[in-house]
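Next, two complexes with subunit A in common: one pairs it with subunit B, the other with subunit C.
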Partner chain A sequence: MATAHSRAAARLMISPAVLLLLGWMIVPLSMTVYFSFLSYNLLMPGMEEFIGFTNYEFFLTDPAFFAALANTLLLVGGVLVITIVGGTLLALLLDQPFWGQGIVRILVIAPFFVMPTVSALVWKNMFMNPVNGLFAYFAKALGLQPFDFLAHAPLASIIVIVAWQWLPFATLILLTALQSLDQEQLEASEMDGANFLNRFVYIVLPHMSRAITVVILIQTIFLLSVFAEILVTTNGGPGTSSTNITYLVYAQSLLQFDVGGGSAGGIVAVILANIVAVFLMRMIGKNLEA
Partner chain B sequence: MSRRVSNRRKALVTVIAWAIGIAIFFPILWTVLTSFKTEAEAIASPPSFVFFDWTLENYTEVNERSDYFLHFMNSVIISLGSTLLGLAIAIPAAWSMAFVPAKRTKDVLMWMLSTKMLPPVGVLIPIYLLFRDFGLLDTRTGLVIVLTLINLPIIVWMLFTYFKEIPGEILEAARMDGAGLWEEVIHVLTPMAVPGIASTLLLNVILAWNEAFWTLNLTAAKAAPLTAFIASYSSPEGLFYAKLSAASTLAIAPILVLGWFSQKQLVRGLTFGAVK
Partner chain C sequence: MGKISLKQVTKAFGDAEVIPPLDLDINEGEFVVFVGPSGCGKSTLLRLIAGLEDVSSGTIEIDGQNATEVPPAKRGLAMVFQSYALYPHMSVRKNIAFPLKMAKMDPAEQERRVTAAAKVLNLTDYLDRRPGQLSGGQRQRVAIGRAIVREPAAFLFDEPLSNLDAALRVNMRLEISELHQSLATTMIYVTHDQVEAMTMADKIVVLRAGRIEQVGTPLELYRTPANQFVAGFIGSPKMNFITGEEAARFGAHTIGIRPEHCVLSTTDGTWKGKVGVAEHLGSDTFLYVTVPGMDPLTVRVQGEAGVHHGDTVFISPVAENLHRFEANGLAIRQATA
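For the complex of A and B:
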């Protein structure tokens, strides 16, 4: 029973949020688009000129771009595989009755609350360091040669670090979904002689499919923008072997001061993220009764 | 929920679950333990787990040498400031969307969400240049503004899903009794909305505390919160494991505690209500 008066008031109450977000989206984004058509280097102020799509041409034909694109896909894909498979298994395990459920849940969730720079530096120094790291100690104890993870397998190491941070998120959401599963249905199928695998494939997995999709999409949005973990561990190196798109754009714009090229890269990143976002928005929109 | 389980099976699950739980938690545990060692012990081989001389010297040293308290306060001010500002903007918006829905409400909500999906590098350069020109680089004010904006969609969404659960009839009744819009908000809605607002606040403080793209790119020495301060340990001099551990432990301890209280809100807030 909204009156015209309350409608007007409602519009007034909504407008600050809308205007701010509009400003946040339109102003900087259109600036990025504008810069992406300029030859613009921060070291040469006043020399800006319009050069059309040249920045895009350079960015998209740069070997570093292909390396970064491949790394981005590997990073997102690798972390997704680990967290979805691991998270599903962990959720199934934590859903069983056992002693100390609350405490184990807390232990499992904890990594999600560790800030990215801390987890990256702890893994880099105290675990993966080839001289003083814990992994090196165990390798030596077993008579093996210590492995320099971040020098010889930089991307894989970063995938492990990021997966450790996101595994709790996947587990928590999948566990929430699992707990809303109808127990009677499970029991009935058990009485009909369905074994664990049957029950998992035909009852549990379909029930969780929606939650799994949501986890995939949300993680993808965040994983496309992994930055701090790369900055403090490898700086994108050696070479470009652990540079993702986000880091490449950062390096181009704030380390090489190439505003034009960096902007073109930023727009490419926006387009990539939008491809994922469209699917995510559809999923969420379906669930929304506003 | 009445599945009967044998004790043997329960014991087995207990052992496996605890082993995995401890393994996942181990890097944090190891960091906390190392923070109480001397630098020499921190890299000793074989590493000692419990039987070393416990010391607090790293904590005092981190504090003295690096102005740790300044960065800690930066984190507190930035995360709390951006959350409170965000709430002040989002509460009226979420309220009106939940209780006076219009035809376009759903579109507005979805559009707000879409701003969250904008990758930060897409606007890194303009924000950096605008901050430079307005003197906002390396200021707490600047970071509060950016973090408010990037988390605003999440705040609106979380509040919206909570407000949706408040029965509309109560507001109708208040309106019949002659309550005006603001009285309605302050006397009727607010008390019922406090738990939802508190959960939103909690989750958002956590997200802002750990934000590590804008904090790293827009701060230097003065306004750097803990995320950026810890990053300075990526190119250290000399032995630093114990000090890194002490600084890290202090940085993550408050948020771990808050986080454990907010498990449920986390699911709701980060899936935008798609999983409950």
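For the complex of A and C:
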């Protein structure tokens, strides 16, 4: 019963929450904007002065910025591809009836409960380490030269680590979508002569498109700000080969104590994230309608 | 095309035997209705024929070929599901064309068949809509359209009308019968509604707990039910059953008399009772009469009955329409003594 009166009352009642959230967002954002126009280095306290867009100029013309931008997109894209393809395959597998289904499902979800720092350290020291790592052990067992993943393929290694963390999330969402598919539709398509691949392409995949959209949206938000995994494994290196925007902002503001530059980088990151969000919404938002 | 034989077919889900050994022949061009109460195995039997379930034992022959191991798509049968099972993200056109696309048919031929089917089913104006934008009756027709474009050897319908409202159901019933007349293809139709069975079928198969109780034309089942179950299931309102002394007078364990074969009188007759509820339908009146020592009798009187709640009336069965049953439910066939 959305009468004019009840709608006005509803607005009145949610306004405190809206105002609180707005303040929560506006205050730090405007402070960051303010800092980004200052020359503000923690090593030289009391010397702050207004310098216009110089911080932005500095940040945007830094070659590290373009490297970081490319790395961010590669990281987000790579993880999305791995988790969605892998998640779909795993979901198809887990949807089959088999013995011990419940236990296996819990095991599959387990990586999601491991903290990013912990999982990145486990990957770094127990799997990818060129001396003690499991992969090195296998390589040596096969008579091959161990590969130093984090030194020679740092970004790819980080993509694998992050994808491993997000795979369970994607699997879980896609599995629930799969289970909500009407069995009679599958049977109908089977009678219509569709083989397994046809059923997947024409029936299952369209049914899952909304869930895939949700996975892409949620993961993109989190993947744009991957940080801990980089900090504990490669520190953004070698050079800037595994630095993303988030890490670059950290390196600017905290490693160089440049609050102004870091703030400018932060604002740039916010703008980039919004551009990505607009693109995503345009591209797949229509999937969420109806 | 379209002759189906089941030979000693059984189906068990785990320990539960849903279909005990069953034999059935369905002739070319026949409209066969499987009817029975809910849960008696009608859908299971249909799914066995379709190939969506594997038989536990026995063989299924289609057009003289053993089809027991043939996958559903290769049996040349088309099925219309109770939930319609339309593909929600495809337009009506794509839904109907889907089986043709899967058969890699030439697109021009696909288009021709879809257009023809849409014309028959009054769907021409809706071809570009999604199933979600259609009414129940239209969805039903899309499902039928998807079945007919394949030109199958036989159609299988699983309670196709049970999701429609009463008026639409009568309409669709006529349309499906019409379709059968024009296509002359074998149709197997599952329903729990004996009215649908009586009105549509060439041949009715009455099932109970997976067992065939009787096979026959609608009128055969109506006139000469093989047992008490069929007698009670076919016909509306239900046949009245009388046991005990009254039945013994007719030399049977149970006698059955249909409401329309009871003669009502206010002066004399076989059984004396009191009128309970009277339902006036205009063309008919159904009276529920309580007779001491018997279950309430339903009596059908043409037009207005002229009796009211609480009146004393007499009811006599029409002797030649009286059904007699043994204690095990089987009908006694020889003439009344």
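Quick note on the criterion: the second predicted complex is superposed on the first by the 255 of 290 C-alpha atoms of A that agree within 3 Å, B and C clash if a C-alpha of one lies under 4 Å from a C-alpha of the other, contacts with A are read in each partner's own complex, and residues count from 1 in each chain.
By definition in this document, a contact is a pair of C-beta atoms (placed from the backbone, for glycine too) under 8 Å apart; a residue touches a chain by one contact, two chains touch by 3 or more.
Computed from a prediction, not measured in an experiment: that's the story for all the values here.
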**OP:** Could you look at A:Gly46 and tell me whether it touches subunit B, subunit C, both or neither (first, second, both, neither)?
**Re:** neither
**OP:** Tell me which partner A:Glu187 touches in the superposition: subunit B (first), subunit C (second), both or neither.
**Re:** both
**OP:** Once the structures are superposed on A, label A:Met115 by its partner contacts, choosing first (subunit B), second (subunit C), both or neither.
**Re:** first
Original post:
In the superposed arrangement, which partner chain does A:Gly143 touch: subunit B (first), subunit C (second), both, or neither?
Top reply: neither
**OP:** Check whether A:Asn198 is in contact with subunit B, with subunit C, with both or with neither, and answer first, second, both or neither.
**Re:** second
Original post:
Quick one: subunit B or subunit C, who's touching more of subunit A?
Top reply: B
**OP:** Mind sorting out which residues of subunit A both subunit B and subunit C touch, each in its own complex?
**Re:** 187, 290
**OP:** Show which residues of subunit A lie in contact with subunit C when the two form their complex.
**Re:** 182, 184-185, 187-194, 198, 202-203, 206-207, 209, 290
**OP:** Name, in rising order, each residue of subunit C that touches subunit A in their complex.
**Re:** 50-52, 71-73, 77-79, 81-83, 85-90, 98-99, 102-103, 132, 146, 150
Original post:
What residues on subunit B touch subunit A, complex-wise?
Top reply: 1-3, 5, 10-11, 13-14, 16-18, 20-22, 24-25, 27-28, 30-31, 34, 43, 45-47, 89-90, 92-93, 95-97, 99-102, 105-106, 108-110, 112-130, 149, 152-153, 156, 172, 175, 181, 206, 209-210, 212-213, 216-217, 226-228, 230-231, 233-234, 240-241, 244-245, 248, 251-252, 255-256, 258-260, 263, 266-267, 270-276
Original post:
What residues on subunit A touch subunit B, complex-wise?
Top reply: 1-2, 5-7, 9-11, 13-14, 16-18, 20-21, 24-25, 27-29, 31-32, 35, 90, 93-94, 96-101, 103-119, 121-127, 132, 134, 137, 140-141, 164, 167-169, 172-173, 176-177, 180, 183, 187, 210-211, 214, 218, 221, 224-225, 227-228, 231-233, 245-246, 249-250, 253-254, 259, 262-263, 265-267, 269-270, 272-274, 276-277, 280-281, 283-285, 287-288, 290
